[in-house]
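Per-chain numbering from 1; labels A, B and C assigned in written order.
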Amino acid sequence: MREFWRNFVNGIFKENPVLILMIGLCSVLAVSTNVTNAIGMGLAFSFVMIFSNIFVSLLRPITPHNIRIPIFIIVIGTFTTITDLVMFAYLPELHHSLGIFIPLIVVNCIIIGRAEAFAYRNNILNSIADGLGMSVGYIWSITVLAGIRELLGAGTIMGIPIMPSFFKPALAFIMPPGAFWGIGLLIGILNWSTEKIKRISHH
Amino acid sequence: MGLLGKLFTLFLFASLVDNIVFMRFLALCSYVGMTSQYDASIGMGIAVTFVTVMASVVTFFIYYYILLPLNLVFLKIIAFILVIAALVQLVEMVIRKTSPYLYRAMGIYLPLITTNCAILGVTFINVDMSYNFLEIIVYSLGVSVGYTLALILLATIRERLNFSDIPNFWKGYPLVFITSGLLALVFLGFQGMAH
Amino acid sequence: MKEIITYGLILMIICAIAAGALAYTYVQTQKVIALQKEKEKFNALHEILPLAKHFDKVDNIPKPKDKLVKILEIYEGKNNNQKVGKVIGLSVRGYSSDIHLFVGIDNFGKIIKIKVISQQETPGLGAEVSKDSFLNQFIGKDSPNIELKKDIEPVTGATISSRAILRAVKEALFQK
C-alpha cells in the first residue's frame, strides 16, 4: 500500500513529467491558452496514460524485449484512437478546440516514456499508481499554466471575467511567446522553491 | 499565381509564418533536448527532414489507396505512427553505419525521433488540409527546414549563454524557455508576411 | 528464424485485437454521430414547418424545370398522419458559391418560410440574402410568376445572389 502511494505521489511533484522531467511539452504549451481546454486535454491525456500503463504492464509476459516499442505504440495508439473517436461523437466542441493534439497523444513522450521506464518493469497495481500520479502532475501543470495565460492574456478564467475592468490584457500571453515565457517562469519558480526547501532542510 | 508561386508560398508558410516549433509548438522535446550541442542539432535536423518527407509520401499513399477505400480511416493514427517508427529504424541503421560519431552524439535522441510530434503532426495536417502529392512534399520540406532553423537558432544562443553569469534557479531550462519566447515573438512578426 | 516467426505472430495477434477494439468503438460512435445528425436535421426542418411533428423523406425527386437549380431533397411534414406541408431542399449557383436553402410550403401551396442553410457569397452584399429581411418577402407567395424588382426587392448591390434565390424559390413553387 505504501508503495502504491509512493509511486502515485512521485508523478505529482518530485518527478513531475512537465516541469521536472520536461517531456510531453508540445500539448502543454499549445493547449494552455485557456483553462477549459487545458482541463479537457488533461483528462484525455489521463485516460490514455492510465490505460496504456495498465495494458503495457498486463502484456509483459508476451512482450519480447526486441519488439517492445512497436507493441507499446500499438497499445498507446489504440487508446488514443478510442479517445479521438469518443470525443468526436460526444464532445465535438472540445474535440474541435484541441484539434490535432488529441491524435498526437500517441507520441506524447510522457506516455511512451513511462511505458518503457515503469509499466514494462512493474506490476499492474504500481503501474496504475504511476499512471495516476503522472496524470495528476500533468493536469495541474497544464492548468496552472493555462490559468496564468488566460488571466494575463484575456482577463478571464474558464471564460468568466476575473480581472477588474481597468486591467488591459497582454495579448502576448495567449500567443506563442506567452506559452514559452509562462512555462519558463513556472520551472524557474519551481527550481527556486526546491532550492529554498533544500537549504531550509539542511539547517 | 502560377503553380510554382503557390508552392513557394506554401514553403515559406510552412517554414516561417507557421513555424512548427515557435507557432505550432511541435517537436519541443527534441528542440529542448538536442540544442545543447550545435553539431547534434544539425544532424537531428537532417534526420528529421528525411523522415518527415518520406513519411509524408508513404502515409499519403496508405491513406488514399488503402485506408479510405477500405473504410478503415479509424486506423489512421496507428498506421501513420508505425510507418514513422519503421522509417526511424531505417535512419538509425544508416547513421550507425555511415557516421559513428554522429550516432554517439545523438545518443538516445535518435530512436526518439519516432515520438517527434512534428513528423506525425505533418502527416495528419497533410490529410486534414487535403494537400495533393506535390503539396505534401513542399509542405513537409518546408516544415523540416523551419524545424532545423529553430534548432540551429537556439543551439547557437545556448552555446553563448553557457559563458554568462546567471543565478542558479534560472540556469538551464527556464532560460531556454524565456529565450524561446523571445524567438517566438520574432517569428510572430512573420505573420505579417501572410498578407 | 524461430524468433522472427514468434515476433510476427505476437505482433499480428496484438494488432488484430487492437483493430477489433477500434472497429467496435468506431461503429458505436458512428451510431451516436448519426443520431445527432438526425436531430440537427429535424431541428432545421422544424424551424421551417413548426406545425409538423415528424418528417418523411420523399423518394422520387422530380427533375427541376430550371436547369440551373438542383432539387436535393423533399420532405413531407406530418402531424399525426395529417400532412401539414412540405419542405424542399434546393441548391442554386449564386455569385461566388452554391447556395443551399430549404423552402417550406403549406397545404395551400403558399410559402411559409425560407431558410438558407449554407452559402459563401460576398459578406455584406450577397451574403445578406440569408437574412429574414430579404427572405420574408417570399412568405405567402403561391405562384411561380414572381419577378425581381416587381414583386421582390433584391438586396442592394447583390442582384446576382438575389436572383439565384428567386430562381430557387420559383422552382420550389413549380414543384408544389
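General remarks:
Convention: a contact is a pair of C-beta atoms (placed from the backbone, for glycine too) under 8 Å apart; a residue touches a chain by one contact, two chains touch by 3 or more.
Keep in mind the model is a prediction, meaning the values are calculated, not measured.
Compared on C-beta pairs in contact, A-C and A-B come out with A-B as the pair having more. Using mean Cα coordinates as chain centres, the one most removed from chain A is C. Here the spacing of chain A and chain C, counted between their Cα centres, is 42 Å. Chain centres here are Cα averages; for chain A and chain B they lie 21 Å apart. The multi-chain contact residues of chain C, meaning those touching 2 or more other chains, are 18, 22, 25-26.
Shown for chain A are the residues in touch with two or more other chains, namely 70, 74, 77-78, 81, 85.
Within chain B, the positions touching two or more other chains are listed as 74-75, 78.
Listed in rising order, the residues of chain B touching chain A in the complex are 22-29, 32, 74-78, 81-82, 85, 111-112, 114-117, 120-121, 124-125, 128, 168-170, 173-178, 180-182, 184-185, 187-188.
The touching residues of chain A, counted against chain C in their complex, run 59, 62-64, 66-67, 70-71, 74-75, 77-78, 81-82, 85-86, 88-90.
Partner chain A is touched in their complex by these residues of chain C: 3, 6-7, 10-11, 14-15, 18, 21-22, 25-26, 29-30, 32-33, 36.
Residue ranges of chain C in contact with chain B, taken from their complex: 18-19, 22-23, 25-26. Residue ranges of chain B in contact with chain C, taken from their complex: 74-75, 78.
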